[in-house]
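Working notes, structure below.
When the chains are written out, they are named A, B and C in that same order, and each has its own residue count from 1.
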Amino acid sequence: MAYIPHTESERQEMLAEVGVKHFDELYGAIPADVRFPDLDLPEAASEMEVFAELTALSEANLDVIHTTNFLGAGAYHHYIPSVVDHILRRNEFYTAYTPYQPEISQGTLQAMFEYQSLMCQLTGMEVSNASHYDGATALAEAVILALNQHRMKRKKVLLSATIHPHAREVVRTYTQGMGLEIKGDEDCNVGPDQLIDLIDETTTLVAVQYPDFLGHIHDYTALGAAAQAAGALFCVVANPFALGMLKPPGEFGADVVVGDGQSLGIPMSFGGPSVGIFTTKEKYVRKMAGRLVGETVDKDGKRGFVLTLTPREQHIRRDKATSNICTNQGLMALASAVYLSVMGKTGLRKAAELAYHKAHYAAERIDTLEGFSLWNEGAFFHEFVISCPKPVSEINAHLLEYDILGGYDLGQDYPELKDHMLIAVTEMITQEEIEDLVLALEEVGHD
Amino acid sequence: MTEPLIYEISTPGRVGVTLPNVDVPEAGMPENLIRDDLPLPELAEIDVVRHFVRLSQLNYGVDTGFYPLGSCTMKYNPKVNEDAARLTGFAFAHPLQDPEASQGSLALMYFLQEWLKEVGGFKGVSLQPAAGAHGELTGILIIRAYHLSRGDAKRTKILIPDSAHGTNPASTTMSGLEVIEIPSDERGNIDLEELKKHCGPEIAGLMLTNPNTLGLFEEQVQEVIDLIHSCGGLVYGDGANMNALLGVVRPGDLGIDVLHYNLHKTFSTPHGGGGPGSGPVGVLDHLVDFLPGPIVDVLEDEKEEQPPLYGLICPEKSIGRVKSFHGHFGMMVRAYTYMRIQGKQGMRAIADHAVLNANYLRVRLRDVYKVPFDRICMHEFVMEGHWPEAPDVHALDIAKRLMDYGFHPPTNYFPLIVPEALMIEPTETESKATLDAFAEALLKIAEEAKAEPALLQEAPHATPIGRLDEVRAARQLVLCCRPLELDSAAD
Amino acid sequence: MEFPQELKYTESDEWVRVEGASATAGITDYAQDQLSDVVYVEAIAELGQDLAKGEAHSTVESVKAAADVYMPIGGKITEVNEALMDAPEIVNSDPYGEAWMIKFEVADASELESLLDSAAYKKHCEEREG
């Protein structure tokens, strides 16, 4: 039996000590008619056999190591320095529980304190929690923070249409029992200026994405000011990698910054786990959900770290808690902290600039192709939209013949963007690979 | 021993990574949107490695020693799981790549769904929820949507036993429903009479943790479930304690309508110092259409030579997506690996040895520590960490003293219905020798408590740092590397 | 533990001092002792707001617990003690004095009759100590 250390004689000795002869006698409280089902599961197998099976399954997938990847749309293939996974594999980190016993959990606690600090610096905010599940659920928690801040008296939420479709859907799922009015995302052409017109005295939160789902980078200062003038909170969904070079949302006056931290040292892993970033102003800290690490001292005055402001949380405040979140993304937050530490001040900036320049070069080259044109107007970061002469699925099928993973088909989420492809270019892409993409697209245009 | 903060070991000009040069013409930048300063630390790779290795050494994990944290199922995390999740085709697959190019991942998810259905007795499973509490929210939203779909809009109340984990009431509130707390009776079961008083047309459902947080299987579980169903409500099962039920009883067979699993408890995926977890939700037939989408299904059956074609589908009346993409795929790979190795035979063995280990410790300790509900328990039990002979020693002191003996303390002060609670869950992966050593330490501590209480009250003595001032942490908030000015809170 | 004679008490551990048409309220010595070190006090009520008996006007937090503080009798809020925001520890050191939480205009003085006097409240505390 795998992972069970008992020998037969130990088993007998222990059963005797408990006062039973057989395991079956331990389950007297369970209704006899449903006890001990015959499970239809595969037979037990050895580690060797199972690993071979898993290897075969993994090889049935396409992956971004064996292709050239231009697909982004919320999950990005960035370089992950080897250091990151070596630290994640430290058993003392990954086999520990939530740090409820601070005397033997200072490693996790200090790492989370450092994660919080790094997130504050990156987003330009005052406080950060120790993570949410992902960027989408972090946005839903931001909506709930705003509702609580306004004591459920304001029930209108404005979501920009260029927030990731999954994140908007998650907000709607989370809040379906709260009787909210969620507006602003009917049309992807509604920009920040038009969102201002939708703000009124019933608005609790205005949320936008930066860079937005279609790649644009906007100055949200005026929108943030308009939201706050109406008493609403202003939330920016940010890509933290882009903040390596872009102005932090704190400078737009954001009340809450959320985002998905996958681009900071976490492999895409078919969509998860990643980490949900949540930073805010100090005045909202007691309305914030999730764990929080604070600095203090021990009885001898030595600096140490503890979970703090826990009365916000479900294990104390139960039905009145700020959220039900308990398990978070601790290990993924650690990955981001290690990534930001090793990339550092100059590394993250350089990686972000590489992605920016390469994306602009690719956009410019594709824009010259017959049948293709760059849809974006104004500034963008490392993703952009291409208007295509054919359905995106057809183009992608052609690209795959050259081992190129093409962009995201925007028609799935925005009917007005049928035959438009969202292309992501990260620092992993070389000029040569851009030229290969251009050549392959050119063939499509000529077909 | 303390380790400086990452910012404190930063040196201007130091670099940790090398990156390629720009190989394309540089584009112009929108100057108004470019940041001036990027206040990240500056370190060499070796600085980063040593810093985080030293931090790891201040931690205690399952791989360090015994971790009997009740309700958390801190079992051994098999190493092959970690290797499997890092296979290139899994770790470097894009979640939005064409499903036809993701057949390996989708097949894995499909089988995991099937196996979870089988061990739980359910008709449908969604792998999307990210953690137990996330599964609870999903499940309660499903219950709400079910009643609404039948035009039964007045069912707005959820019954929750007083022994429940705090996530249960919090999840209910988040779903827009109201909590009614039900007391436990003198045998640690749900008080059936009290439950009857509340059953009626406003009840959306009951959240049931079974085995409950006392580690006891509800003796009247069938009556409880039948009662809720008879008044039109549904039963939510908190699957946190599923480890005790594998191959023993299937919650679906008991009539539980919806349940979340914790892959990070029952199915051996690591806890990661707080996460990530994974909280799939299983449902009976009448709730399958409400599951969050997408879920994996077979689109084209297997033909000669051709494997089946897997794809993503969204259930008809889905409550909607609860997370980006497909959930915590990396955790699914680990759980798949574990279930595949354990197989049919392994499931029952897990439960048997988890239950045996808990009962063995209960019996070894009960003469010295009061076990308030002293009957055969499931995978965990609760005892009181307090003696009249040592009135100034509390459960917390015992917990802290255990660290000096090299053990992680049990859960303390939970469940709330037992005073000075110490909640012990050994799991099946611990040997008799480990359990004996732990029992000896607790018996020794009980003697110390009476002879030399200060030894406990000032514990731990052998850890890198002593007891921390939590009051100071909460009163003088320092939440990131620069201290926050308290007076800024007034604006 | 103190139970000042001139105050009235609730079973949920609030005290109230009535002077003419106005009243001052806070939490009792017993309540602060149960909470242990108070780390945060927040007024939920807004100035000018009418609250009924039993509605929450403030929240008090310690490291391990959080509790809502309820109106002992109904009234219109005229003042909240903002000093508690910066110095929550006075709730522990001076619960009946410096750590008053709200002042309000009494809506219906007859509601006072439902409250406990010092002796009855003291008994109520002793019973819970068991």
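Just so it is clear, contacts are C-beta pairs under 8 Å (C-beta built on N, C-alpha and C of every residue); 3 or more make two chains touch, one makes a residue touch a chain.
All figures in this text were calculated on a predicted structure; none of them were measured in a lab.
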Query raised in the report: With respect to inter-chain C-beta contacts, which pair, B-C or A-B, contains the greater number?
Result: A-B
Query raised in the report: Whose C-alpha centre lies nearest the centre of all protein C-alpha atoms?
Result: B
Report summary line: Distance in whole angstrom between the CA centres of subunit A and subunit C is 44
Requested in this report: Find the geometric centre of each of subunit B and subunit C from their Cα atoms only, then give the gap between the two centres in Å, rounded to an integer.
Outcome: 38
Requested in this report: Determine the centre-to-centre distance between subunit A and subunit B, using the mean Cα coordinates as centres, and give it in whole Å.
Outcome: 20
Query - Multi-chain contact sites of subunit B, meaning residues that touch two or more partners - result: 470, 474, 489
Report summary line: Residues of subunit A that touch at least two other chains are 316-317, 320
Report task. For subunit C, jot down the residues that touch at least 2 other chains. Result -> 40, 61, 63
Query - Residue ranges of subunit B in contact with subunit C within the complex - result: 470-471, 474-475, 486-487, 489-490
Query - Touching residues (chain side subunit A, partner subunit C) in the complex - result: 286, 310-312, 316-317, 320
Requested in this report: Could you pull out which subunit C residues touch subunit A in their complex?
Outcome: 40, 42, 61-66, 68
Query raised in the report: Which residues of subunit C touch subunit B in their complex?
Result: 37, 39-40, 61, 63, 85-86, 88-89
